[in-house]
Amino acid sequence: MVHSRRKRPLAVGVAAIALSMLAAGCSSGKSDSGAGAAPKTLVIDKAFDLKTADPARMFEPTGELVDKALYETLLTFKGGDVSKVVPGVATLDESSDAKTFTLTLTGTHTFSDGTKMTADDVVFSLQRVIGVKGNPSFLLDGVTVTKKDDKTVVLTTATPTPALPSILANPALGILNSKVLKANGGSTDAKDGAEKYLNTHSAGSGPYVLESLNLASQVVLTKNAKYDGAATPTYTRVVIRNVEGATQKINVQGGDAQIALDLSGDQVNGLGSGVKVTSDPSANVIFLMLNQSPAVSRITSNPDFVKAVKASIDYQDLVSMAGAGTSQAAGVVPSMFLGALDKSDALRTDPAAAKAALAKSGYAGEKVTLSFPSDVTLNGIQFPTIAQRLQAQLKKTGINVDLAPAPVATELDAYRGGKETMGLWYWGPDYPDPSDYLVFTPGNVLGLRAGWPKGADTTVSALATAAAAGGSDEERTSQFQDLQRALNNSGPFVPLLQPGNNIAAKSSVTGVVYNAVWTLDIAALGGK
Amino acid sequence: MTRTPSGEVALDIRDLRIDLATAEGPRPIVNGLDLRVGRGSIHGLAGESGSGKTITALAVLGLLPASMSVSGSIVLGAAAAGGEPIELVGSSAAVLGGVRGRRVAMVFQDPSTSLHPQLAVGRQLTDHVRHHLGLREAEARARAAALLTRVHVPDAETALGKYPHQFSGGQRQRIAIAVALACGPDVLLADEPTTALDVTVQAGVLQLLRELVDDMGLSVLLVTHDLGVMSSVADEVTVMRAGAVVESGPRSQLFTAPRHEYTKSLLAALPGSTFEEDPAELAAELVAGHEAPAVPTVLPDGNDAPQERDDV
Amino acid sequence: MSEHTISGRRLSGSAVPRPAGVLTVDDVVVDYRGRPPLRAVDGASLAIGAGEVVALVGESGCGKSSLARAIVGIERRTSGTVRLAGEEVPVLGLRRRAAAMTGIQMVFQDPNSSLNPRRPVGDQIQDGVRAAVARGEEPSEPHEWLMRVGLDPQAVRRYPHEFSGGQKQRIAIARALAARPRMLVADEPISALDASTQTSVAALMRSLVVDAAAGMLFISHDLSVVRRIADRTLVMYRGRIVESGHTETIWRDPLHPYTRALLAAIPVPDGAGRLPLAPQEADRDAWTEVVPAALGRMAPGEGA
Amino acid sequence: MTRTVLPATQPGPAADLPGRRRPRMRLGRWSAPLGIVGAVVVLLWLVVAVVAPFVVPHDPLAQDLPRLQAPGSGTIFGTDALGRDVFSRVLSGATVTIPLALLLVVMSVLIGAVLGAASGFFGRWVDELVMRVTDLVMAFPTVILAMVIAAALGASLLNAVLAALIVSWPSYARLTRGLVLGLRTSNYVVSVKLLGFSSWRLLLRDIAPNVVGPILVLASLDIGTAILLLSGLSFLGLGAKPPTAEWGSMVSDAVQNFDSWWLGLFPGLAILTIVIAFNFVGDALRDALDPKSVTVRGGGATL
Amino acid sequence: MTRTAGDTGTTAGPRRNMRRGPARVRGTGHPFARYVLRRVVTSLLLLVGVTLVTFVLTNLVPGDPVAASLGQRAAEDPAIVAQFRAEYGLDKPLVVQYVTYLGNLLHGNLGTSTTTHNAVSSDLAAAVPATLEIALGAIVLSVLIGVLFGTLAAYRRGKTTDHVLRVVSLAGLSVPTFWLALVLYYAFYFQLHIAPGSGRLSSDFNVPPTITGLYTVDALLAGQLDTFLDALSHLFLPVLVLTLYTVGLLTRFVRTAVLEILDQDYVRAARAKGLPTRTVVRAYVLRGASVPILTVVGLAFGSLLSGTVLVESVFSWPGIGSYAYQSASHLDLPGVMGVGLVIGATYLLVNLVVDILYGVIDPRVRLA
């Protein structure tokens, strides 16, 4: 009647929707509609530190996790054992001087577009890593890659590189389809422009292909139909979502996700019976750094103050805060690596000694700034929580700490520039070898960040030189232990925690094995 | 121009009392008003602003704010087509709904505010017609166009599609009158219908009112404070002061031989000829005179929502 | 249009009256910017002498208020001059008005907006007194002024909201008069008031102004009030003064068709039941014409 | 000539009015009780803000209690992930947030009112400049602009206040400008101008007092908004630094320990109660001091 | 502070003039079209201002985007850093950088995000619909509820209904959205398992073919009813949280506006015509109040955009708020600039739409 005119658009709209539904046959948007009862989609919650899916530029845990599923490497590790390298797409023949590595492709490996993998692809992939100067290019520093024949590639180095086989297992060195890449702007020098392509497609022979990638929210993988490798993936579709620790817990409890990768020791408590937790020590070490440059701080560069700090910290309290799986880091080298320090050599709490050292240092109660990344969660451990705990502990000795949290993006600059008075950071290994930890010595990367130039501590430097020279495992072990004792004694670093890595998975998911390099081999997961 | 009122009463108001509920208790606004509007005549209701004139008109339609209570009797005479007289005080929402706009219509003071600025004139002329008389849109529009022509709005067909602001003030008031007449009411309540208009325009509107009464047998209750207007068109006049009737009677008698002091003083206050006067005496006059105590015209101090008695 | 304007100017210019004008308005034009621009006042000239009350009448929108505001300097004048005792009245800006110029004051239509709601009325009248003193006039007391406009002298400490509209208007008048102006411009000062007080307030204004030997320009659309208080009357239509001169002369024998229509449309409260004459639409066209004889009309017995 | 004295049957309105009264505040029938409840709660929180440092059962920063304890066992609101007493921290939060919110609003009012008044009073290029700047600031959603500013300045409560200040003064500038603009052309200001008073005098004596009321109303309603904004910024990690007991960052801590509902519930309730209380007060104040009754109608060009 | 429009109506700015009616807009030609055109031009200028402010602000940040965007190892290598700087034009003077940016902008090129390494335009194209979906949902819902509540409160002025609605709307304005989001998430998802988890879609659903970017609409267009329902269920909590705040705002404002209209003669006239209350409310009262309501809806939309930042962070919603937060904390200049532009443009667009709608709903503006 009066308003009848106005009702028309609504009716038209409803009709339009109904028609469109009819036309489209009202299909389902579910990814596995019509499939059998078996669970086919796997949801993994992970706190992202993803920067790219391009193996030649990727070197963060999330990238390793993703690229492990997309690409195959020449050599690899089996399960969680990173101490022993096994053949991947190739077998290895290593010269006795550890300078020549001959890799022979085994069987046939097919890229997702159907082409077969050849030595050209291997050479291209490795040379690209070197040439584009991305994050992982240092892995192949000094390595020359040459093709011997269609099945064989030879890697040569000037100096003995015993670590190269385990380096080759890194997904950053995954083999890419050189034809596809070249067609999409790929090259083996700095002009390479294939990253964009690799962030939307994958060009590998791995068990999965990239369906979509959003660096901020989620990565979706689908099963590679052309995959002819050993393990047949159980899940046809894998969604890796960027979810922070606390929400991961809810999600895995609520059934929204099947796997949570970043739960703290605290959070894995009380997950309930439907969730299985795999706890392993991680190879990460959280440490406190005191700047040794008097220009940055008069007080933190004072050796007595450093001693006072080391003796003030209640390490056991920190461990209990961090929860299950976490232990005190005895030295900078993580416990599972060669040359790790024994627990008995770890730093110890000694309030009396702390007070004495503090008095000697001439500390007058001034504020000392502790900088830390406010948005970093490592194995579920919040840096702000640790920082606040440290602040409270140091306060007991009479050290007044001012907390200066900042997003990691802003803070990194100050950290790398050696401008932080005190810093709370962590070190994750680039490869599973103690030599990766020589960065903690004067004049080296982390030493410089702590205002500790070459020659600042000759004792430590001498020990470091000795450790770098190498030798038998026993020799290396004792050299690295000596170095760490010296570091604990006089260095500007205070190793605090070696967090546990907790993987919480629905009990329906089988085959959950933690790997220190790529966290989880998605293709190896099973379902029941 | 002589008029022969039919003698029938179109609207019979007896002992009307309206009280405003205030924090200090009920405050009388209209205090025992008696008034009869004869069929086919104009009954003028005069008085100062705040004397309760507008409130009385609203009371006829049952449109007083909820904070006001009404007692007494307002009887709407039987319709021309027959039927029983209707008591409006205390009657049901259904009865009032059938009376408003249909049997009794109202024209407000300012046509620039009483017509909705965002609705086309045609819509405002037809929506109640369609509601009351159940006409189709086309029928209602035809009727509206005829009405506009009747009130001398030129080019009625086009006018229906226009908006109020596209008309002059005088035409707007003619449109407002057309809106009121659309359902063919018996009684028209005209609340200061010319006060907002220029004097030349006012003359036209007054002529129209007279015409409608004479030609259509309309009964009008004309509320105004302007004695000139009253003298021009009213057949009967009632003078109100502070909510009560002071004097009532045929126009000529009231203007030429007022009985009540107040009526006399009102007439005397009309501007006469030029004069010189001592300011002190004038001031004294103002001190003694005061303005009448302010009675809220419609809404007392904004704390009471306009509320229909019947809306739920 | 321009031709009309020129002739209008010349003709009204000839109507300068006898007493040496306290206020001389010469050929004032007021335009409002907009699309298209609107000419509100189209070349108005007038002069008002001491102790003289001049009324300005016309329908709403004819430019009465614009002219009044242009005279005191609230509205910018496109052209033309306004002089108070021979001195140019400047347009109000951010700068304070010179003491001499406080000799022209204004009373507005809406009494509710004429007073600062947060100051006692006595203080506001005192402002007027201060302006008078600054100009070298005798000091006076606010309560005297309250008394003069018929209000309780004790009320000086009260605030505006405690007064009725008519009372507020009288306070505004008191403030304006306290400045002892030589010229008072009143823009529809009584139209917002109750009918019963309109006449008295108008009469009061007249007598106070005449008493102080000041001039007054009194704007109104109520012709019957104007007839009662104005010595001379100016009739305005569409921005132009179409008829001017002695009030009674115009009232008795209007010459301009607009003035005639205006007067004929006034309903007479005589109880006779006569309908006022309503002009036809077509008549309006005649109202814009210039009738030279209608300007500068003299009182009977007065004259050249 | 007739002079009629109208019969005075009723006393004039002036007769029954008391002698001196400022413009009266009218409290709505119902807004008053709510306003009073609000005022009491605000007062309580203000008292808490003052005395919290002296009366809280625990040092809000001390980490000496068992961690993540549910309310009841020895603590009223439980303990957080670092073993701090949530009750003490919630109370101490008042000391942190309320003064800063007040500071923020006072500064916004001062800056906004001065710029708005200048804009409305002087007009021309001053007006143009101020209004374009407010347009620019208002084109950003507040939280996002504050976020960028806080990111640029570094996280700290004072920087958050500064960021909030940058986004919040324009509403006062707009309000003040509108009021001053209306008043500047109002009849009474024009009247005073005609009396030869200086612009400064007009501004201070005739305009300012009539602008204060509406600004106060807006300000009182804005205190709540200020608290919400500051705690929101802290929630995002752009405000309070740890270990400050600030409500927003306490709620954000709760995200990390989702099971421990008490971590987030109580600071959130604290925000809710204080904000709603301020809003009740502001609302009652608005009813009492309806800005519309203060702004002056009329003026301007009439044709 | 969120501009609450201060229900006073005094902050509505230049629009108030338009409500005064035709007196000021008198004239022939098409002053309204001209007015709109002028608005468009000033809006564009304002947008340039927005980019400038964002640019300056972002460059005030003490950090270095290089450190933020490059990985550990790469940032140590001066050659890589130099290459990165050259690639993103960071090696040029600021003025040149800004002018280059504006130049690219003219060609629709918003630059490449240093965080995601994607074209900012494609990042935004993904984020904007996500935010739009909750913002539109919230605005539609809150307008419906707000108008209903506001009208009801005005009609029941001074009665219990009015007071209850007053308390409800004030409470809505007072709840911290981030906290409410958490509480609802805890209750409905964590404890009761009624609502779905975070994100826009359950993980076992594919994103529907992108047409509008709004998952609900796209799902319907694709005829995927189950996807539509899933997307709808994910919208539920974020929309609810945002709606609550806006409903509070709108209820207060609609009440004031309706009260003002109820006092108008034309409403009294409509009732005197004997029209049923329903018709009076819909055709007369709400139409009369539509201009001020429209104004506040425009303002509410602005505050909604602010609110989404906090809500998106709680619900891991990949919208513009999350993107803004991510870009701001990663010092991603192109990203932040892009967000600033989009938000500024949205704000200006909303204002423009509101202005045009004034003309649509008010003939005095349209036919001045």
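We just call them A, B, C, D and E in the order they show up, numbering each chain from 1.
Operating definition for what follows: contacts are C-beta pairs under 8 Å (C-beta built on N, C-alpha and C of every residue); 3 or more make two chains touch, one makes a residue touch a chain.
Since this is a predicted model, take the numbers as computed values, not measurements.
Hopping across touching chains, the smallest step count from chain C to chain D is 1. Among the other chains, the CA centroid farthest from that of chain C is the one of A.
Between the interfaces D-E and A-D, more contacting C-beta pairs are found at D-E.
Here the chain at the heart of the shown protein, by mean C-alpha position, is E. Separation between the centroids of chain A and chain D, computed from CA atoms only, is 47 Å. Spacing of chain A relative to chain C, judged by their CA centroids, is 88 angstrom. If each chain is reduced to the centroid of its CA atoms, chain A and chain E end up 38 Å from each other. Between the Cα centres of chain B and chain C there is a gap of 33 Å. Residues of chain E found to touch two or more other chains are 61-62, 158, 190, 279, 283, 329, 331. Shown for chain B are the residues that touch two or more other chains, namely 127, 131, 269, 272-273, 275, 277, 285, 289-292, 294, 303.
Residues of chain D in contact with at least two other chains: 6, 12-13, 28-29, 151, 154, 255, 258, 303.
Of all residues in chain D, only 28-31, 34, 108, 132, 135-136, 138-144, 147-149, 151-154, 164, 167-168, 171, 174-175, 178-179, 214, 217-218, 221-222, 224-226, 228-229, 231-232, 235-236, 248, 251-252, 254-255, 258, 261, 264-265, 267-268, 271-272, 275-276, 279-280, 283, 286, 291-292, 295, 303 touch chain E in the complex they form. Across the interface of their complex, chain D is touched by residues 32, 38, 40, 61, 63, 65-66, 69, 72, 74-75, 92, 94-99, 101-102, 104-106, 108-110, 112-120, 124, 127-128, 130-131, 134, 151-152, 154-155, 157-159, 161-164, 167, 172, 175-176, 179, 196 of chain C. Residues 1-4, 6-11, 13, 16, 23, 42, 46-47, 49-50, 53-54, 57-58, 60-62, 158, 162-163, 166-167, 170-171, 173-180, 182-183, 186, 190, 302-303, 305-307, 309-310, 313-314, 321, 324-325, 328-329, 331, 336, 339-340, 343-344, 347-348 of chain E are the ones that touch chain D when the two sit in their complex.
Residues 59-60, 147-152, 164-167, 170, 193-197, 199-201, 203-204, 206-208, 210-211, 221, 223-225, 227-229, 247-248, 261-262, 264-279 of chain C touch chain B in their complex. Against chain A, in their complex, chain D makes its touches with residues 61-63, 67-68, 81-82, 151, 154-155, 237, 241-243, 255-259.
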